[in-house]
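Naming follows writing order (A, B, C, D and E), and every chain is counted from residue 1.
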């Protein structure tokens, strides 16, 4: 596969400067706010940050349009639709193994740059009003811009090292942002939990990166995804019981990174707790950008994963499991932001599922060495869903922000009857809920159908069922969320004051401040239209660069069962909405209604299947008792003590010698004589002692 | 044969004769100077010794050295003699103040004439010992070097310890000299005659030591008697008691002069005629060195009496010096250089230590706790103490390190790597017990208010240094640093 | 009457001397046993002079006279030592009234 | 006399001698100051160290501008020295005052100079009347400052001397020169069980130097050319049996100084009891001397021995990395936490050395530099926090971010750097070491690499535990009274952070020069 | 015949030695020791070293014995009933003494016989007066002039030492050494 073509023609210089700007501007905003504005005049910090992010969005759009006109329109020049804006060698490891910093353009990265900068701009804008009375708002904007810089850096990276470089920075930025209200112990604990858990996954990811680099001789995606690299890795290591295929181990290790960052099933525990951070943070990080990084990485390494037999199946399985589990749990949550967090988890599961189903199962059935050629249906569907989901999920989070701002509490049980007080939020949240539920005209419908189509097309019926079930459940909990927030009578819950989002930020302004609503309205438009408009563009262009190696995409609709499946999905969605309306609208169930009455399954789901408790047990009982304590004890009692014991022995010997020296002359003479005889005896007895000090010549 | 009064006779004998005459003159000063007897005797002695030193340095000596009637003086022998003269000079300077009443808790020293006379007699003995060419002169020299020390140890009548130490030292010494007599008789038996060259001939003629029982018996017994004087391990039991009992000046002389004489004797004998390729004495010396290091370290670790501490540290230093004898074939020159340099360095460090001990010992019992707060009482003295201790340990910038490095180099030449490692470990352990002194010196005096304990027993009177004391301290400090860094002195000794 | 006999005799005397030194509690008696060991050595010298050096078998040029001359000097040296020792004994007597060696353990540890 | 590299005797070599002569001269000058004038003493010491920093910086720039060109005549196995000079010192033992610098030593000297400069700044309140609370009685009395700075300068002179000397004897002399000041500084000016810690530290280090002593003698006598010069000895092919026992002896000797696993027991107590500046110099620079010695003397002169033993030494290195981390998690005292984290990071250096390939060795050198800067910053911050809150126990403090924001931000940044966050020096070094470890052949090396990589998780745990425990959480009632960093302290911290960032973001030029310096060692290892 | 006499002489000497070492009465011990010395004198005559024998008598009997007796009487009092050492000490001393004896005996028997049995004719008189006299003062290479001088110094040193130790301390502190100190401090 050819190396990415460096844009060298003069025509591209404007694109290159824009490419530089996309990265430099957020960094500039971080530096300006962090060092100078942050402390002195906080209001200015908000506006400058938003202005700079606006500029970043403009540059991103310029880059996108430039890329479209120069690269997309000229397939002959750029067959794989990829190009490299600029590149700088950071560290050379010998041979062509080197760590490089580059701005890499391909359909996926262009789409993501636009999405991330757009949402980041809106969130910055939104935060000006939201963080108006907060202490340290300057620091907030600095960290938000730092996060955006890191995320953009991650997206545009052309090799694994740069990805890992910004991967860690993203993790650190999210740690700082989650723990923004550092005086709240819950926030501090949540931030530490998020960082340590992602760090745990990143360690395995780093191992994967290093193994790839060492065995394939390069870190670049193009080389790594090429057939040569896959062949290189395709050897078994270790013998007998421990024999393992290097390729599958490397790919699983690489997937571990995505697993932790996108909070797939076992590693999802940090995301719900991350809601302790301010809402704009959740809107940006835990809906549209960071959590999607995992999906983006898997997409980047799609051809490599496809080459390994079982990795994609693992991806699909974890995706499906998370999707269903998260959707189910979301139905039982009472915290506003936790519902949305679990909903994000569920949607991420769907995206991973889409990526995972790209290998047609029928081909396996054929027996014999079948070259399972992955088709790119799943790849396109996943990225399409990323695109649409970013908009309506951030919209939901921002609207939740407005709601929390109004009722001063995160708890669903305090919300109610807000329909009249905040009409704009009502409309935008309604649009987002419908989009999320996946009803026809809204964005969610098209991207979800693509995913299910890809699964159906490649014969993964179990995953199709999981997708449908998730769709239904999503519709149900979104309706529950919507009805309980906007309809019914206003309710106050006893414990609401305690965990209010703004600790002590009792301000009374308008329930629906204009500055916060504007982004909502802006976001409503794409959540409605983007699905319908973007569908064709995505199907045509959004292909992995090695598209020639994978089967051509036959249009999904052509598949026999497709129309039926669409009907079933829409029916399920409608039934979900119906039951939601019935239970919470008509029968007036309150949010916590089913807590004590509901079946045991409801209670288990409400406690998130006790995964948190399992982790804490593992860490406290197993980790500390069997690892940390013995290590600490051994350090003190064995290693350090060894020095003191040595001293003790010497002291005892010294005391013995001084007792022997009792001053008697006769004892001295006797010792002298016996000593002389002993020297003679030792010398002649050939005992090792004298020769021990003899020469080693 | 050269006529008695030709130049070789002069250059060979003159310094020794001068020393002898000086000893006699010192004895008679008591009669001449009725008043201020102590001071004048000391002055005469110092002047005399200076003359001897000048003679040693100035006398022309043919490179091959001069041989005369059982007396052989080569250039390296002259260096030995210079070392002895320096040690005696320093002892005399140190002992001057002890003749005044109230200068030490142990009571004043009696008749100075006898004291200095005996000291000089002992030095004459050392001179003879080093330039001996046959066993008889060697034996007489050894006796003359040791006998006066018994008397010197017992010279403080009012201090009970002195008599006890003297008699113990005498008993052990007599036994050792009997042992050396026995040894020499066997060597005479084996070699047929007393001359060193005959000894060397017979030693190298026979295939291996075990084939010559007499030679082996003689060698071992002589090693025993020299070991006693060196305070080597099996024979070191006397040292702590005698160092504690004897007057401070005598202890100083014991730990420097007498030890130097012992090392010189062992060198003339075991690196001279008896340095035989097949007599693998290296293993015995190595074993003795290790045991001495062990005994010295263990002894000094828990010692609170300053004098006994110095005794054990000198046993350990003897251990280091024994390493030079494990060099085996062809290492005589290197061993001599290493030993002479180390003795010079060890002597300087010891006298610096004794200088401090004597000043501290005026008002307080000579124990380690009495060093407390020395840095407060007189920073210069504390600095000198620190320098001398670091040199005794063997930490680089100071002279001790270079001395020990040379000794270890000789052992390494013959491949005794385990021995070097144990030696280096002993250096590490020595850091521990030497630092106990420094810790006391730099311990901030716990005045009542900040520790709550009663004010420390030792009265905190600042120590005033007389002018002579100041320049002596300065000289010692500079010497310790210069000897460590500048190669001048080492090249001088090596060129001899 | 051969070398072996003399050597054994001197060895025996040496052993008795050492035994005396180790068991005698009186200072003078101890000095006496010390003298015994010296006498043993002297016998050795003369024996070697007579049998060793004088005979031809030994390495050429054995020096018989050296042995007896050595005895001269050794006897003188021992006498000197004894003089000093006895002076110490007298001083000890004056100081401590008892000449018991085993009491001399004031300095120890 | 030395057939090896020709020495361009230039004036620069005098500058090189000045690097250790200057601190010694300033120590002597300080001795003349009267005790009471504490501020004058401090300023003089700062001036001397700043001058030293400038001097070393100039030398570094000179070096980077015109590095010594490697001469490939003898298979490129001899180290080319810049600013070299060779004067005979002790003719009896053929000891030469042979000095010179290559990329590794000049960068480590820069590290030492920066840490010395910021260390002097960080100990600005030492000796000031009523300065640092429970600090040793002697230090708080106004005459403490003089002895403190004199000893600090001597320690610095010893360290600089070590880095420039290429003669084993001179190297050993300078190495031992640092022993006395370290002991006295900790015993007189430390806190907590300072005498015990100082004695334990010195005894174990002297045990280590006993091994080095043995190795040096082995090299001197077994080489046949009776020379101490590293350049000449590097051309000698020692007998494999000799290398069989000499290499582990030398490597262990330097390992003990370099904080290798089983022998690290001196460093936690030593650092916890040492005053700030001393623990900065001790952890930041003195420990690097050990690893530098392993690389320059043990591996360069005894390559076959390295081949035989390196797999064996990989085990304590890796165990050290993991062990340091686990024990650090449980530590309550900040300084102990950082000391054990140093054990872990120094273990990484030895993992890098154990890989025996270019990337691994380069990673080890980078890690020496990175860890040097990072641990110095962390100790500085801990010292400053201690001066304010008079406690180093994590449970006793919380919510300091609000009262001392500057220090807290620096602490967070330093923590992140220690964590190995990309963008800081730690990441560049660890990346190289892990890559080298994975590239090294053999399952043992690979298993070691896996454990080493997993250590970044443990390091995250204990660092966050400390950072969150101290800075975040509800502020305690006495927090309001604390005063934030004074300008003097700010300069110290900012210089260190600047160094960490520069090394993290632009490692290119430094790495390029270090590779040239490593080439001779690698060619020797490959022979 | 000579051998029988020799063995008899040895037995006598050893007997006297044992008495000297074990008798409870110091006076009897000293006399026993004199017996041993006489034994050696006879042995020396047997071995042909007349001069040495004479020297032995002169110095030992004449000098040392008298000196010892003098000391014994001077320190009159408890010399009669000297305390008997404990049994354990005796056994320990026996062992310590036995070891060198066995070594030397073994050595003597093994190496001794290589030397010829004493023939009647002596190749050269080993201690004739004239030869010793010549050797003592001959300044040449094999002469012993230097030791001769040194031994006199040794005796002198011993004398000075003995006097220094044994002079009785005048109670009135009039020994000039001390008196002059006071004036000295005063000045």
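Criterion: a residue touches a chain if its C-beta (ideal position, glycine included) is under 8 Å from a C-beta of that chain, and two chains touch if they have at least 3 such contacts.
This is a predicted model, so every value here is computed, not measured.
**Q** Using the contact definition stated above, find the chains touching both chain A and chain B.
**A** C, D, E
**Q** Using mean Cα positions as chain centres, tell me which chain lies farthest from chain A.
**A** E
**Q** Could you say which chain's mean Cα position falls nearest to the mean Cα position of the entire protein shown?
**A** Given all protein C-alpha atoms shown, the central chain works out to be D.
**Q** In angstrom, rounded to a whole number, how far apart do the mean CA points of chain A and chain E lie?
**A** That gives a centre separation of 101 Å.
**Q** Report, in whole Å, the distance between the mean C-alpha point of chain A and the mean C-alpha point of chain D.
**A** Centres of chain A and chain D (C-alpha means) sit 37 Å apart.
**Q** Quick check: how many Å separate the C-alpha centres of chain B and chain D?
**A** Measuring from centre to centre gives 42 Å for this pair.
**Q** Could you put a whole-Å number on the gap between the CA centroids of chain C and chain E?
**A** That pair's centroid distance is 5 Å.
**Q** Enumerate the residues of chain B that touch no fewer than two other chains.
**A** Touching at least two other chains: 136, 140, 143, 147, 150-151, 154, 157, 166-168, 171, 175, 195, 240-241, 415, 417, 429.
**Q** Among the residues of chain D, pick out those that touch two or more other chains and give their numbers.
**A** Within chain D, residues 203 contact more than one other chain.
**Q** Would you mind listing the residues of chain A that make contact with two or more other chains?
**A** In chain A, residues 658, 661, 663, 665-666, 669-670, 673-674, 680, 696 touch at least two other chains, as defined above.
**Q** What chain pairs are in touch here?
**A** All chain pairs meeting the touch criterion are A-B, A-C, A-D, A-E, B-C, B-D, B-E, C-E.
**Q** Spell out the residues on chain C that touch chain B in their complex, using ranges where they run on.
**A** Interface residues on the chain C side: 14, 17, 21, 27, 30-31, 34, 37-38, 40-42, 44-45, 48-49, 52-53, 58-59, 61-63, 66-67, 69-70, 73-74, 77-78, 80-81, 84-85, 87-89, 91-92, 95-96, 101, 104, 106-109.
**Q** Any idea which chain C residues touch chain E in the complex?
**A** Residue list for chain C touching chain E: 1-20, 22-26, 28-29, 31-33, 35-36, 39, 42-43, 46-47, 49-58, 63-69, 71-73, 75-84, 86-91, 93-94, 98-100.
**Q** Which part of chain B faces chain A closely enough to touch in the complex?
**A** Contacts found on chain B: 167-168, 171-172, 175-176, 210, 216, 220-221, 223-224, 227-228, 233-235, 237-238, 240-241, 280, 282-284, 286-290, 295, 297-299, 301-303, 326, 328, 414-419, 422, 429.
**Q** Contact residues on chain D for chain A in the complex?
**A** The contact residues of chain D facing chain A are 200, 203-204, 245, 262, 264-265, 269, 323, 326-327, 329-330, 358-359, 399, 401-402, 416, 421-423, 427-428, 431-432, 434-435, 438-439, 443, 449-450, 453-454, 456-457, 460-461, 464-465, 468, 471-475, 507-508, 511.
**Q** Hey, which residues of chain A end up touching chain B in the complex?
**A** Its residues touching chain B are 650-651, 653-655, 657-658, 661, 663, 665, 667-669, 671-672, 674-676, 678-680, 682-684, 689-697.
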